[in-house]
Structure formats: structure tokens, C-alpha cells
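The letters A, B, C and D name the chains in turn, as written, and every chain counts its residues from 1.
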Amino acid sequence: MQRLDILKEVNDIFIDVLDDESIVLSEQTTAADVDGWDSLTHIQLIVAIEKKFKLRFTSKDIQSWKDVKEMIDCIVTK
Amino acid sequence: MQRLDILKEVNDIFIDVLDDESIVLSEQTTAADVDGWDSLTHIQLIVAIEKKFKLRFTSKDIQSWKDVKEMIDCIVTK
Amino acid sequence: MLHFYKEDNYNLEFCVTHEVHSQFMNIFKDCNPLHSNIAFAREKGFKSEVMHGNILNGFVSYFIGECLPIKNVIIHSQEIVYKNAVYLDDLLSFDAVVTETFDSVNAVEFKFNFKNAESKVVAKGKIQIGILT
Amino acid sequence: MLHFYKEDNYNLEFCVTHEVHSQFMNIFKDCNPLHSNIAFAREKGFKSEVMHGNILNGFVSYFIGECLPIKNVIIHSQEIVYKNAVYLDDLLSFDAVVTETFDSVNAVEFKFNFKNAESKVVAKGKIQIGILT
């Protein structure tokens, strides 16, 4: 899967979980840029991404991400 | 959308609503062929199909279907 | 669909009183320490006992059963996501909106959310109902 | 994940007694005629008053709060689809199975269903819980 396709899928997950059609992620997006990206939403996003891409992150993976780029890097390597 | 793609999407909806990965629909499939296709499931299937294809059936449409073929015919014409 | 139109919206208020909380535990016997032990709840990072999420589903039941323009309705399905803890005596504002109607099968879909007094969404979800003819 | 493994399953029994039904109406004030008026329920095609679907969600609350190997849990989200009517005094068999575990965020997903004495599925759904650390 290409990075751009992954970004698109991740974007769809954000729209669904945050219930906000207007979300447009870029690789530079951070949690601070997205309204409503709080701790419980974070869990729902991770769960949805793990399900969608049929992979599992470690808690260490998640803590290391600074932006969407690092999340996608991690998805690519799994 | 090609008939085969529609059949595939409808099949995915059946798997999801009936919670049965083993469902393989053909155009000849009727309600009697699918375990658990009862009246409430029927409503859930119709609702899911209307949402997925962004269309609305009439109650007359639905009553006229004898098999999956006639359901797809109807989706194609909407 | 008669009685229900896309974007119709409803607003209600609910309070999670001591009576509601204690009666809920009395009926369903869910006395998990998170709901009944303030020290446990605090140790887990909450400011006091967290109210049962399914109390909110009871309020949803009231909304569907008693607050719609017609009484001949039945719930087909519902989902709820909990976003923030609800505490004793929290006054909750409930908003619901008709998102879709399905005339062919007499079904209506709503989205809803509950907000607390600080306007924080504590839960949100969807309900699909059928109209009984 | 410690305490929870994929395919772990749980079985419980619940009965929708008169007490549960009347107390549910007493707390939540949902006295819709479908739940409280036998003539109305029969006119709509049911054999008698239909029990509130959200009584089943109360049973789900008990399952999560009281029947898991650990008590430090919280419900993140849940969904339920009603498939067949539940009547007064119905004895329900509840089955739940762990479908997925998410170690990175300490979450566990279950699927569940309720069956009546005739082994008909009356409701099915999903729950996601978090483990509080």
C-alpha cells in the first residue's frame, strides 16, 4: 500500500471516529491540530487503525509518534 | 457500477449484517437460501444497502423482489 | 416520512440523581468499584465514582419511548461511545437529530449526544427505530 | 493481553422478571405502550408487552462490571441490534466472546448475544472496554 493510500484510509478513520467530515489530514498534522482528539478518541483511533490495517502497535510505537507522518511510517513497517 | 461490483458490495453487507463470513450470494439467491434472513434482518439489510448506494427503494420495489438478481436490477435502475 | 424529517431535532435534560444511580445498581447488580467506591475511582484518575454508561442508554429509552411525535415505535439498534466520565448529580443535555429516514422499511435513524454542564460531550451515538404499523 | 485472550468466552443467564421490568420503568420513565399495554402490543403483532431493549444493556453492564476476571475496567463503546422481542419472565442465555485485544491501548473487544429459551437470538452486539491501570 502506498503512503498516500494509507493517509486516505487513516483520514477516513478520523472522519468516522471524530464524526467530522471536514477533517483533512496531512503528514504534518499533530494531535493539537485536530479538534476533539482527546485521550479516549485517541484509543478509538488506534483501535480503528489496528483493525483496518490488521496490525498491532506496541504502546511504545504510539508514544513515539509526533505527527501523522510518524504514524504512517509505523504502519508501513508493520 | 458493474453488476458484479454491486453483487460484491451487497455480499459484504450481508456478511456484516448477518455476521456470517461464509455467505456467498449469487443472483439466484433467495431469502430462503440464507440462514437468519428474517424480517428484522431484512430491514437491516435494506437500510444498509440504501445507505451504501445512497439510494432509496420504495416498499413496492422491495415487495417485488424474488431473488438477489431482482434486487440488483433495482439498484442498477435507481 | 410522516412524523419524521431529516434534521428534525430534539433536546432533553437528564440528571443522574442518587436515586437513578442507586436504583440502577439495585436492578442490575453492577456494583463495580468504579461506580461505587470513591477511593478506587480516584486511584484510577476520576474525580469520584463514575456513573454507569448504561444509565445513559436508559435515558435514550425514555427519549424513544416517550418523546417522539408518535408512540408506535420500536428500537432496531443502537450504539454509544463514551467520551468523558459522568458523575453523580451531573445535569446532562441530550441532543438528537434525525439523520436518515428509510420509507421503504419504515425506519428512522438518529444521532445523539449527551453533554455535561461544561458543554463537554460525555457520550454520543446512533439509534435506528422502526415505526410499527 | 493479561486476563483476556482471543476466544475466551463467558456464559450467563438473565431473567427479565416483573421486578426488573417495573423498576426499569420506575427509574427511566419509559412507559411506552409497547412496554406497558398488552392490547397495544398485540395490535402491533407481539404476543404481549415487549420488554425494553435497554434492559439487556443493563445486563451487559453487569457482565462487564461484575463477571470479568478483573474489576478495573470501563466500557468505551457498545452496540446492540435487537432481533426478536423479549417478553416478561423470559429466561435469556447470554454468550460473550473476546474477539480482539489491543495491547497498545489496553482495550478488549467482545461480541455477545442473548438467546431466549427457544434458542432464538433476541439481540446481539459488541462492546469495547478499556483496562484501567
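Methods note: a contact is a pair of C-beta atoms (placed from the backbone, for glycine too) under 8 Å apart; a residue touches a chain by one contact, two chains touch by 3 or more.
Just so it is clear, the structure is predicted and the values come from calculations on it, not from any experiment.
Centroid distances built from C-alpha atoms place B farthest away from subunit C. Here the CA centre of subunit C is 15 Å from the CA centre of subunit D. The geometric centre of subunit A is 32 Å away from that of subunit B, both derived from CA atoms. Each of the following residues of subunit D touches two or more other chains: 76-77, 81-82. Each of the following residues of subunit A touches two or more other chains: 40, 44.
Interchain contacts give a graph that is no line, ring or star and is not complete, per the touch definition above. Applying the touch criterion to all chain pairs gives A-C, A-D, B-C, B-D, C-D. In the complex of the two chains, the subunit D residues touching subunit C come out as 19-20, 23-24, 26-35, 44-45, 50, 52-54, 57-62, 64-66, 71-82, 132.
Only residues 81-84, 111, 124 of subunit D touch subunit B when the two sit together in their complex. Taken in their complex, subunit C has these residues touching subunit B: 76-77, 100, 102-105, 107, 109, 128, 130. Subunit B makes touch with subunit C in their complex at residues 40, 42-44, 46-47, 50-51, 56-59, 61-62. Those residues of subunit A whose C-beta lies close enough to touch subunit C in the complex are 19, 38, 40-41, 44.
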